[in-house]
Amino acid sequence: MRIQVINPNTSDAMTHKIGLAAQAIARPGTQIIACSPEDGPVSIEGHFDEAIATLGVLEEVRKGREQQVDAHIIACFGDPGLLAAREYATAPVIGIAEAAFHMAALIATRFAVVTTLSRTRIIAEHLLQRYGFSELCTSVRCIDLPVLALEEGGPELIERMIDQARRARDEEGAGAIVLGCGGMADLPRQLSEAIGLPVVEGVSAAVKLAESLVDLGLTTSKHGDLADPIGKPFKGRFAYLSR
Amino acid sequence: MRIQVINPNTSDAMTHKIGLAAQAIARPGTQIIACSPEDGPVSIEGHFDEAIATLGVLEEVRKGREQQVDAHIIACFGDPGLLAAREYATAPVIGIAEAAFHMAALIATRFAVVTTLSRTRIIAEHLLQRYGFSELCTSVRCIDLPVLALEEGGPELIERMIDQARRARDEEGAGAIVLGCGGMADLPRQLSEAIGLPVVEGVSAAVKLAESLVDLGLTTSKHGDLADPIGKPFKGRFAYLSR
Amino acid sequence: MRIQVINPNTSDAMTHKIGLAAQAIARPGTQIIACSPEDGPVSIEGHFDEAIATLGVLEEVRKGREQQVDAHIIACFGDPGLLAAREYATAPVIGIAEAAFHMAALIATRFAVVTTLSRTRIIAEHLLQRYGFSELCTSVRCIDLPVLALEEGGPELIERMIDQARRARDEEGAGAIVLGCGGMADLPRQLSEAIGLPVVEGVSAAVKLAESLVDLGLTTSKHGDLADPIGKPFKGRFAYLSR
Amino acid sequence: MRIQVINPNTSDAMTHKIGLAAQAIARPGTQIIACSPEDGPVSIEGHFDEAIATLGVLEEVRKGREQQVDAHIIACFGDPGLLAAREYATAPVIGIAEAAFHMAALIATRFAVVTTLSRTRIIAEHLLQRYGFSELCTSVRCIDLPVLALEEGGPELIERMIDQARRARDEEGAGAIVLGCGGMADLPRQLSEAIGLPVVEGVSAAVKLAESLVDLGLTTSKHGDLADPIGKPFKGRFAYLSR
Amino acid sequence: MRIQVINPNTSDAMTHKIGLAAQAIARPGTQIIACSPEDGPVSIEGHFDEAIATLGVLEEVRKGREQQVDAHIIACFGDPGLLAAREYATAPVIGIAEAAFHMAALIATRFAVVTTLSRTRIIAEHLLQRYGFSELCTSVRCIDLPVLALEEGGPELIERMIDQARRARDEEGAGAIVLGCGGMADLPRQLSEAIGLPVVEGVSAAVKLAESLVDLGLTTSKHGDLADPIGKPFKGRFAYLSR
Amino acid sequence: MRIQVINPNTSDAMTHKIGLAAQAIARPGTQIIACSPEDGPVSIEGHFDEAIATLGVLEEVRKGREQQVDAHIIACFGDPGLLAAREYATAPVIGIAEAAFHMAALIATRFAVVTTLSRTRIIAEHLLQRYGFSELCTSVRCIDLPVLALEEGGPELIERMIDQARRARDEEGAGAIVLGCGGMADLPRQLSEAIGLPVVEGVSAAVKLAESLVDLGLTTSKHGDLADPIGKPFKGRFAYLSR
């Protein structure tokens, strides 16, 4: 089984980290193909970055489709381009935010999200609403460090995360923590030990869900809104998409 | 890995069928332990049956815990006793209704449920509400055949299911079908071919989610409402539960 | 009129207290039959306790049905076994949580719940959601004393309740307080005087609603999901339920 | 105990009918004071009628308050002026729509409303939303006969109601029917017998809830938004309301 | 174009202020007709005041209709009588609360409301729910100064508003502030400068929406629940409304 | 005042039609700058088309910003790139779907959407949910003609629209119709006359809302999630976006 893990931003260090996290959890026989777009922002910290990164995600999906991967993972917590990718791909597509929410819902009645910047909270809130998890999530909490600061790590990072997670646990009754950034893929154990709650990380969750769908022989419904894109002319630099 | 699959009713034929379905999808190395309570109803077709069956589920969870299974599955579409089992178990516990809903949400923007009796529709609707999937589910549709009639199969069964699934697809825009009964574990392929939609069956979905949680090292949050039951005296025939 | 008040736990002192509270509010001519199961936990402090206690509740409902009582009350704030009991009984069945919520909604636009343990908050939240009262309830607040500590009473108990109720009033705008435990049946007056809000206690509320339904000639709808349980074989120690 | 039943419209025949229905269900010792405003529309069939009728309701509440009644009932299905009346009264105030919804929720998991005109459906839907019952109500169905046509009765009236109720039962799974007009107070038995579902009528439901609140010593919370109106000058013909 | 701006209370100073605010924002060629009822409360600070004021609003709508104004604005934040006025008028009718909510939704993903008295918070919350904006509004915050204190202004007023708005911004992530009282029509600039957020004031927002509807040739749907009131007899002092 | 109207697809005929519709409703003194991307699909009929078109929208926003337009309108019913554009622009940005919903909510208590293809219904439903209008919209109805078929017009087009609108009116009680495609900008009058309901068209609605925001001095909140995009490197063909 081959699973393509797409880091939607263009930071190679993060792609590397995400790929390691994915491979570490993949079962023997599952090959992880970590990649990231050639074009786009080095980090995704808002709606604008996400919109631009979506183009790169779809390009990577196209490559993955040509390579006949068995599943695609979109490894940014906003699940950028998820529904477009489901139209475009033939194999199943999973976003790491949805993956983490689904897993958290299986182990706790209430969970909280700990993410990077306050300005991206709305992105998580919109996803929670669209996926149906608004009632299950006690809050989306932000450490207010930029995405790329996760690369540097350091004690301040984990301390801020512990602080937010602890408040979610003690003030809001959260029973599990969802990590709200693909760049946090190396942090769940440390956080879990510090606060005594299970911590769900989206990249690893998505790998397991991808394997599961493949095993089940389930893929995106091609009846209705997720059917292949309707063939039509595209103009300009997207002319190559015309069908 | 050993996964206990609990058929909450006391019909051995259904336990056998569920066990086969679980084993068929389990990956090599996963052992399925299919079981059912010694005490309880032969089928679960309402709140009352479900309440009685819950005791049997918890008894089986206790046995599974003693056998140190890696995960428990509750293989009745009402997920009877799910939260109680999560308190009582140390390993993760998954209900087949929630499992099917989660998987369906990954492959379609809208899905429908096809279940047995109209009188059990409310059970599915309450679960959809509690889990957060009300908006994603276009309707819970009933074929109005009793649970044990599934054993006999026959053309009428599958025809009724196809009829309901087709209406969900054409009238409501459902992109996937969730099978609403553990006793339908052998039907997804036939239904899927007939209507051209992916069909999600809960037992197999739950097996994959159980394997996933074990791989991820995630289990029920033991902080808060799902912590081990508070030790206390039980009276009468439940005295053995005292701690 | 004879109303059966079922204390779902097996604590005789609490059954006695609940019976007194019920009789005190019953109108002349209403006979209260307070009872509790022979088998089950001495207190209900989680999903597991509730699942076991449900069996006792249904046994008591059966006895009450044989005694041809006019209504049944389930006197634990989680309303354990409510829908199963409605199937099983011919007379109306009322849970004290729902009773208290309904009454509170008639006297305030927003109310808060003050209950015992934090770990049971989720039970109240699930009921509020299922019954439709989530928006009307500002919060479910916990004093974090075990259920049986209510028997001892003492100044700490009422002080903690006053503290939580006051915060609901001042910080959230709650106009009424719902007591979230059958064992608080003797506390409404004291709390109400301390905080200047009406305090709704579920046992007394349920008695009045039971009298009301009987007067109105209304009982559980026997068309659909609350119809009598479908007759079927039960195995093992539940064989006596076979029909 | 004295309960004031206010018919918000100025149709004496309807006031009489409502008064009879209220007295018939009131327990011995409860005196029903049926009344209607001197000023206002003869029927309430929209937002405008309701707005005008609200003044009359408040005038009647004032009279009832001076007579020191124990409770007020607003006997029009839109519950016109309910929150204003709760501010203005010292005794509890109950609307017949809310009363019927609360009672229906105790005997069925899903109910439908059968009311008069399509144009008033939105009024019922807004109330269902505000009170929290939107999910419990399968639909608000209209017979499209004007309110005063209820006075004439006749076979067409009941046939239309039976038709709508039957469709709610068979197509939507409604387990109980709520009558959506004060002028239907004499119809529940006939409808219930025809369709085999319990039928909840708001006037009688409100009488029992009023008696219940009085017995419980509960009245409108006077802390917060339902406290007595803030004293202030009123101008013109409302100058008499100045305080 | 002539737009009638109805101040629902009978305070001439507030009518004057509202009229000035409306005229200031109206485009050249739009004539503002500011008015207020002859009969009713000098301020609206609860459900009761609102119910009485609604009569005056409808009277003013009638006058405006006779003057053939092009649109009516109800300039009190509770939008009193809005749906009744829509039935009664032929031109479009806009409430200042809805106007402000709609505009705020166009410039921020989350907004907060800053209003006068805590007891009126529920009115705003009910409107947010009915209009669909509950999720977009982070909170309704109160400065707990009476409506008429707005006339006096003074540093305490604006300081309290700044304090509440700042907390909404910093603690809840509100991106815009809605002023929750018609009497605040002169305050948006000052508040906006102090906190660095856009501030939406309902009177001016309503004027622009009224102009917009007129330009678009859109007016209240006269099919269904907002059609002209059904002609019928009115009794007593409302006999003049009979048709 | 200069308003940029961006047709997100690359069909010049549609850009022309949209530009005409916008100019027709703009007030004297408002200049409409109709444009469309150089790169992208000729029509937008799904998530994939929308994702690609978003880049073109943002490119056009950039041009508009450089031209210092006073407002931007995104003239495709899925509001593609709306939040990204709000970050990226300094002037207000309005989508035609949100514009139409807001206007419809001012003239009817319930509205329906009539759009082109069934597969795009989910896009409208997601927007309704995110904006808060789910309860106000009775259904999203599809004529199942492709977007570009709107150019050809013909009797079948309008007949299908009339058929869907009539069913929304008669079966669901919709009081207004929202046209669900920018390419329908020339159809409202014809449809409105045929069915007797107000018909809201998004391009014209958006122009009036844009003028309104500019008049009010309101623009996108630049505090929080809609603040200017955080400066960062972009790679590859998006390097020009680096800051």
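A few comments on the model shown:
The letters A, B, C, D, E and F name the chains in turn, as written, and every chain counts its residues from 1.
Definition applied: contacts are C-beta pairs under 8 Å (C-beta built on N, C-alpha and C of every residue); 3 or more make two chains touch, one makes a residue touch a chain.
Going by UniProt, the chains are A, B, C, D, E, F = Hydantoin racemase.
Being a predicted model, the structure only gives us computed values, none of them experimental.
Looking at chain A and chain C, the chains that touch each of them are B, E. Taking each chain's centre as the mean of its C-alpha atoms, the one that lies farthest from the centre of chain A is D. Centre-to-centre separation between chain E and chain F, using Cα means, comes to 27 Å. Inter-chain spacing, taken between the CA centroids of chain C and chain F, is 52 Å.
Mean C-alpha position of chain D lies 43 Å from that of chain F. Among the residues of chain B, those touching two or more other chains are numbered 83, 109-110, 118, 121-122, 129, 135, 173, 224-226.
Here the touching chains pair up as A-B, A-C, A-E, A-F, B-C, B-D, B-F, C-D, C-E, D-E, D-F, E-F. Every residue of chain E that touches chain D in the complex is listed here, in rising order: 10, 37-43, 45-52, 54-55, 58, 81, 83-84, 86-88, 118-123, 126, 129-130, 146, 224-227, 229-230, 232-238, 241. Taken together, the chain E residues at the contact with chain C in this complex read 118, 121-122, 129. Of all residues in chain A, only 25, 27, 83, 92, 94, 98, 102-103, 105-110, 131-136, 169, 173, 175-176, 196-198, 200, 204-205, 208-209, 211-213, 215-216, 218-221, 223-226 touch chain B in the complex they form.
The residues of chain A lying in touch with chain C in their complex are 109-110, 135, 173.
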